[in-house]
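Below are two complexes that have subunit A in common, paired first with subunit B and then with subunit C.
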Partner chain A sequence: MSRIEIRNLVKMYGAHQALHGIDISIQPGEFCVLVGPSGCGKSTTLRMVAGLETISGGEIAIGERVVNGLRPKERGIAMVFQNYALYPAKTVYNNMAFSLQLSRMPKPEIDRRVREVADILELTPLLERKPGALSGGQRQRVAMGRAIVRDPEVFLFDEPLSNLDAKLRGQMRAEIKRLHQRLQNTIIYVTHDQVEAMTLADRIVIMRDGKIEQQGTPDAIFHDPDTVFVAGFMGSPPMNLVDCMVTPTGLKLGDSEIACATPDGLRAGARVICGIRPDDIRPAADQPGRATATVPVDLIEQLGTEKLVHFRAGQHSMIGKTGGRVDLAEGAPHPLAFDMAHAYFFDPDTERRIR
Partner chain B sequence: MTTMLRQMTTRGTPYLFLLPGLVILGALLSVPLYKVVEYSLYDNVIVERNPTFVGLANYTNLMTDPGYWSAGFNTVVFTVGSVLGHMIVGIGLALLVNADIAPRARTFFRSMLILPWIFTAVVVALNWQLLLNPFGLINYMLQWMGLTSEPLDWLGDPDLAMWSLLLISTWRGYPFIMVSFLSGLQTVPRELYEAAEIDGAGFWHKFWHVTLPQLKPVIFGVALLDLIWTFQLFPLVWLSTGGGPGRATEVLSTLTFRLAFVDFQFSQAATVAVSILIISAAFTLLYLRNEARRL
Partner chain C sequence: MSDIVQPAQATQAVNEERRRRWRQAAIYAALALVTFVMVFPILWMISVSLKPTTETFSLPPRLLPETFHWDGYAKVLTDPKFRSFLINSYVVGLAVTALSLVIGTLAAFGFSRYRFFGDRVAKLFVITTQMVPTITLLIPYFGVIVFLGLYDTLWGLILTYLTFALPYSIVMMNGYLDTIPKDFDEAATIDGCTPLGVLVRVLLPVALPGIISTAVYTFLLAWNEFLFALALTRSMDMRTVPVGISMMVGEFGLKWDEMMAFSVIGSLPVLILFMLVQRFVVGGLSAGGVKG
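Entry: the complex of A and B
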C-alpha cells in the first residue's frame, strides 16, 4: 500500500502533446479509475506510471519515492494488460512464478505463494496448462494472478475486462472488487466502461484530450458534474443536455415553458444549457406536482423494468423514463413532468457548471 | 455422365496447368537421379564404352577409403559450424536491426546487411581470397594492431583453412537467417516484452523467455533448411579453397567433383553423390515433417 502522486505530468510524442499537465493524488489503498473517450491519454498516463513510457515533464511519486528515472521493476508495481500478455510457452504456474524466479526467491517460498494465489483465483486445477489451452476468463484470472503473487505496492490495470463477454465481465468486476477489499492495494484502473468506473472506483478521474476534466468520488462525478462533458459522459442513457432560453418564471424549452427556479446570476433572455437526467423526466401521472410540459412522444424503448421515452422538445431529441408496465402511446403528445430540482445549468460558452 | 465429365475437367484443370512444369521437373530430376544410381553400380562408366556391372563394389570401396571418411568428417564440421555461425550471427543481427532506432537508419542497416547474400559465390570467394591473402587487408590490419607479427596464410595453412572457410560461409549465409528471424521477431507482441520488463526481466531474460520461445518453430525450420543447403554446398568451398590445402577442407561435394572431373572416376563419384543424396533426403524428410507439424 502506498500513495501515488502525479504532478503536472506531460507527455510529448514528437510534436504531438498527448498529456497536458495531469495532477492526480491517490491515497494509499485507494481504487482510482481513469475514464474518458478513446485517445484521451488514459493508457499513456498508466504506462508512464508503470515506467513503460518516458516522462516528458512533471513528476510521478509512488510511496515517498519519485520514480521518474526508475525502471518498471524498481517501481513496486504490477500490471494487467488488456490482452493479458501471458507467456505462451510457459505453464500457468510458471507465468505466475516468473517474476519471483527472476527476483531469486527461494523455490519453496515461490511455490507457496503461487499456490496460495491460484487458490484464491480458482486456478489450482489449471496450473500445468499453457495459456493457449485456457478460456478468455481463465487467462484474465492468470494475468491477475501473475500480478498478485508479487504482492506489489500498486496494481495497474489497462482495460482488463474489455475482451470478455458481458456476463463474464460482470463476474470479473465483482471479483476485482472483492480482491481489492481483501488485499487493500492501491490501484489505478483504466476503462471505457462507465459501469466499471462507477462500481469499482473510490475516485474517478475523467480525462479528455490529455487533460483532467474532473475527478472525485463516483457520487460527486455522477451527481455533481462540473462540466457539460462530464455530465454527458456518465450515465446511460446519457443526461439530456439542451439549449434553453431563461424566462422570468423558468425555462423555454422548444415550444414549451417549464416553470422552475434558475440560478441567481441568470437574467431572463439569457441562453443556458440545461442538463436533466432521463430518470428525472417521467409521465406527469408518475410524479404529480412537478413542472409539466406536453410534448410529442415519438418512440418508446422497452428495457424490461423500465421504458425509455424518446420525445422532441423544439429541435432537441430528449429521453425520459417510465416504469416497464406503464402503457404509453407512441406518436402522440403526452404530458411529462420534469423534476427541475435535479436539473443542472451550464454556461453555453465555457460549458462549465453555473451553480 | 456429363456431370462427371464436367467434374473431372474442373477438378483436373489445375493439374493440367501444372503438367508442363511437372514434366520438365520430372525429366530433369528423375533421369539424372536414375543415371547416378546406375553409374554407382558399374565400373568405368563414361570412359569405357561397355562398363561392367560390379554391384555394390563401389560402395564397399568407399567405406574403406580414408579419403571418403575424412571428407565426411570435414563435411560435418563445415555444415555444423556454418549453421551455428549463421544462426548466431543471424539472430544477433536480427535483434540489432529490429531495435527501436530511426526508421531510415533501420532500413539502411537492413539493406546493407542483406548484401552478402546477393553476390554470387565467385565474387564472394575472390573477395575473401584477397582479404585473407598473406599480403591482404586482414593480415595488414592484424599486424597493425599488433595481434600477429607474421602474416598468416589463412587459406593455405591446413590448421587455419577450415576456420577461414567457416568465416566465409558464415558471412555468406547469415542474411537468410537474419531475414527469417526479422520477420519472426515482428510477430512477437510488444506487450509480452512489456510484461517481462515489469516482471523484472533484463535483456537476456527477455531474449531467453520471450523471444526464443516465440521463434522456436522458425529456428528449427530454418536451421534444418540451412543444414540441407550447406551439407551439399559446392561452389563456395571449391572456389575458396578447392578442398585444400591438401585435403584439409575437402568436403563430400568437392570430393565428388574431384573424383569425377579431375580423376575421371565417374563411378566412384556417383557413389559419393548417392551417399550425399541419402543423407540429404533424410534431413529433408525431417524438415517436411516439422513443417507439416507446424501447419
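Entry: the complex of A and C
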C-alpha cells in the first residue's frame, strides 16, 4: 500500500506531444480510475507508471521512491492487461507462479501463495489447465491472480473488462471492487467506460487530449462537472447540452422560454450552454410547480424500469425520462417539466462552468 | 397439384445426384493419377534396391522382384565409406540446423521487437539474398571457402549452408514472432524477465510450431544439397550422402541395387522427419494460430 505521485508528466512521441503535464496524487489504498475517450493519454500514463513507456518529462513516485529510472520489476507494481496476456504455454499455476519463480522465491512459499490466491479467486480446480482451455471470465481471474500473488504495492489495470460480455463485465466489476475492499491496495485503473469509472473509483481522473480535464470523487465529477466535456462524458444517457440565450426571466431555447434562475454573472442576451440531465426532465404531471414546456416527443426507448423520451427543442435533440409504466405516444406533443435547480451553465467559448 | 410435380422433381434430384457422383469420380481419378506420378519413382527406387543388378532392366518391368535380394543393403551398410557419408550428412545437417535456429531466432527477435537505425533496410537485405540463383554463387563461394582454409572440410559446408539457411530462418521466425502479441513481452517484463528471458521463457514456447517447421526446412536444405557439397569437398571422408550416391555412377560401374539401397537409406531420415512433424509444418505454414 503506497501513495503515488505523478508530477508534471510529459510524453513525447517524436514531435507529437501525447501528455501535456499530468499531475495526479493518489493516496495509499485509493482506487483511482483514469477515464476518457481513446487517444486521451490514459493508457500512456498507466504504462509510464508501469515502466513500459519511457518518461519524456516530469516525475513518477511510488511510495517514497522516484521510479523514473527503475525497471518495471523494481517498481513494486503488478499489471492486468486488456487481453490478459496469459502465457499460453504455461498452466494456470505456472502463469501465477512465474514472477515468483523469477525472483527465486523458495518453492514451498510460491506454492503457498499461489494456492492462497487461487482460493480467493476460486481458481483452485483450474490450476493445471492451460489458458486456452479457460473461459473469458476465468482468464480474467487468472490475470488478476497473477497480479495478486506478487503482493505488489500498486495494481495497474489496463481496460481489464473490455473483452468481456456485458453480464460478465458486471460480475467482474463487483469482484474487483470486493477484492479492493479486501486487499486495500493502491490501484490505478484505466477504462473508457464511465459506468466502471463511477462504480469502482474513489477518485476519477477524466482525461482528454493528453490533459486532465477534471479529477475528484465520482460524486463530485457527476454532480459538479467543471467543463462541458466532463458534463457530457459522465452519465448514460448523457447530459443534454443546449445553446441558449439568457433572458431577464430565464432562458430562451429556440422558440420556447423557460423560467429559471441563472448565475449572477450572466446578463440578458448572453449566450450560454445549458446542461440538464435526462433525470431532471420528467413528465409535467409528476412534477407540479416546475418549469414546463410542451414539446413534440419523437422517439421513446423502453428500458424496462424507465423510458427515455427523445424530443426536439429548437435545433437540439434532447432526452428526458419517465417511469417505465407511464404511457406516452410517439409523435404527440407532451408537457415535460425541467428541474432547473439542477441545471448547469457553461461558457460557450471556454466551455468552462459558470457558477 | 403437388402429385404431378413430384415425379419431375424426383428425376431432377436423381440427375443431380448422378452428376455429383461423376464429378467426385473425376476428382478422385485425377488425384490418383497425380499421386501415382509422385509415388512411382519412390516405389521404383525401393524395387530396384531389392533386385540384383541383372534384373534391373528385365522386360517386362516388374515392380515386385522375383526374390527379395538384400545384398545392396548389406554392402552399403557394412562399407565404412557409406557410413562416413551418412555421418557427414548428419553432422552437417544438425550443425546447420542448430546454428541457424539460434542465430536466426535472435536476429528475428531483434527485427520483430525492436526498432533500430536501418532495421528495414537490413530486413530487406536479408530477403534479397534469397533472390539470387545459387548456382551463380558457386564460384565466389569456392574462392571464399578456399581463402578461409575451409576447403574440403565439413566446416566449409556448414558455413555455406548456413548462409543459405539463415535468411530463411530469420524471415520465418520473424513472421512467427510478429504474430505473438507484444502484451506477452510486457507482462513478462513486469514479471521480471530480461529481454532475452522474454524470448526464451515466453515467446519460444509459443512459437514452437514455427521453430519446428523452420528446423525441418533447414535440415532438409542441408541434407539434400548436392552442388556445393560436390564443389567444396574433395576427399572421400568429407563427402555427404547426395554426393556419395552420385559417385556410385562412375566409380563402381552401375551397381543399381547398391545405389538405390543407399538412396532409400538417404531418404529415410527425411521421410521419418516429415511424418513426425508434418502436423507442425502444415500448421506452421498457416501461421497466426498462436493467440492468448
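What to note about this one:
The working rule: the second predicted complex is superposed on the first by the 355 of 355 C-alpha atoms of A that agree within 3 Å, B and C clash if a C-alpha of one lies under 4 Å from a C-alpha of the other, contacts with A are read in each partner's own complex, and residues count from 1 in each chain.
The definition used in the following text is that a residue touches a chain if its C-beta (ideal position, glycine included) is under 8 Å from a C-beta of that chain, and two chains touch if they have at least 3 such contacts.
Remember, predicted model here, so these are calculated numbers, not experimental data.
With subunit A as the common reference, subunit B cannot sit beside subunit C without a clash. Judged by the touch definition given at the top, the superposed model places A:217 against neither subunit B nor subunit C. In the superposition on chain A, A:50 makes contact with both subunit B and subunit C.
Shared-chain residue A:171: touches no atom of subunit B or subunit C. Of the two partner chains placed by the overlay, only subunit C lies in contact with A:131; subunit B stays clear of it.
Once chain A of one complex is fitted onto chain A of the other, the partner contacts of A:81 extend to both subunit B and subunit C. In the superposition on chain A, no contact is made by A:294 with either subunit B or subunit C. Overlap of the subunit B and subunit C interfaces on subunit A comprises residues 50-52, 71-73, 77-79, 81, 83, 85-90, 98-99, 102-103, 146, 150. Listing the residues of subunit A that touch subunit B in their complex gives 50-52, 71-73, 77-79, 81, 83, 85-90, 98-99, 102-103, 146, 150.
Interface residues of subunit B, counted against subunit A in their complex, comprise 189, 191-192, 194-201, 205, 209-210, 213-214, 216. The residues of subunit C lying in touch with subunit A in their complex are 181, 183-184, 186-193, 197, 201-202, 205-206, 208, 290-292.
Subunit A contributes residues 50-52, 71-73, 77-79, 81-90, 98-99, 102-103, 131, 139, 146, 150 to its touches with subunit C in the complex.
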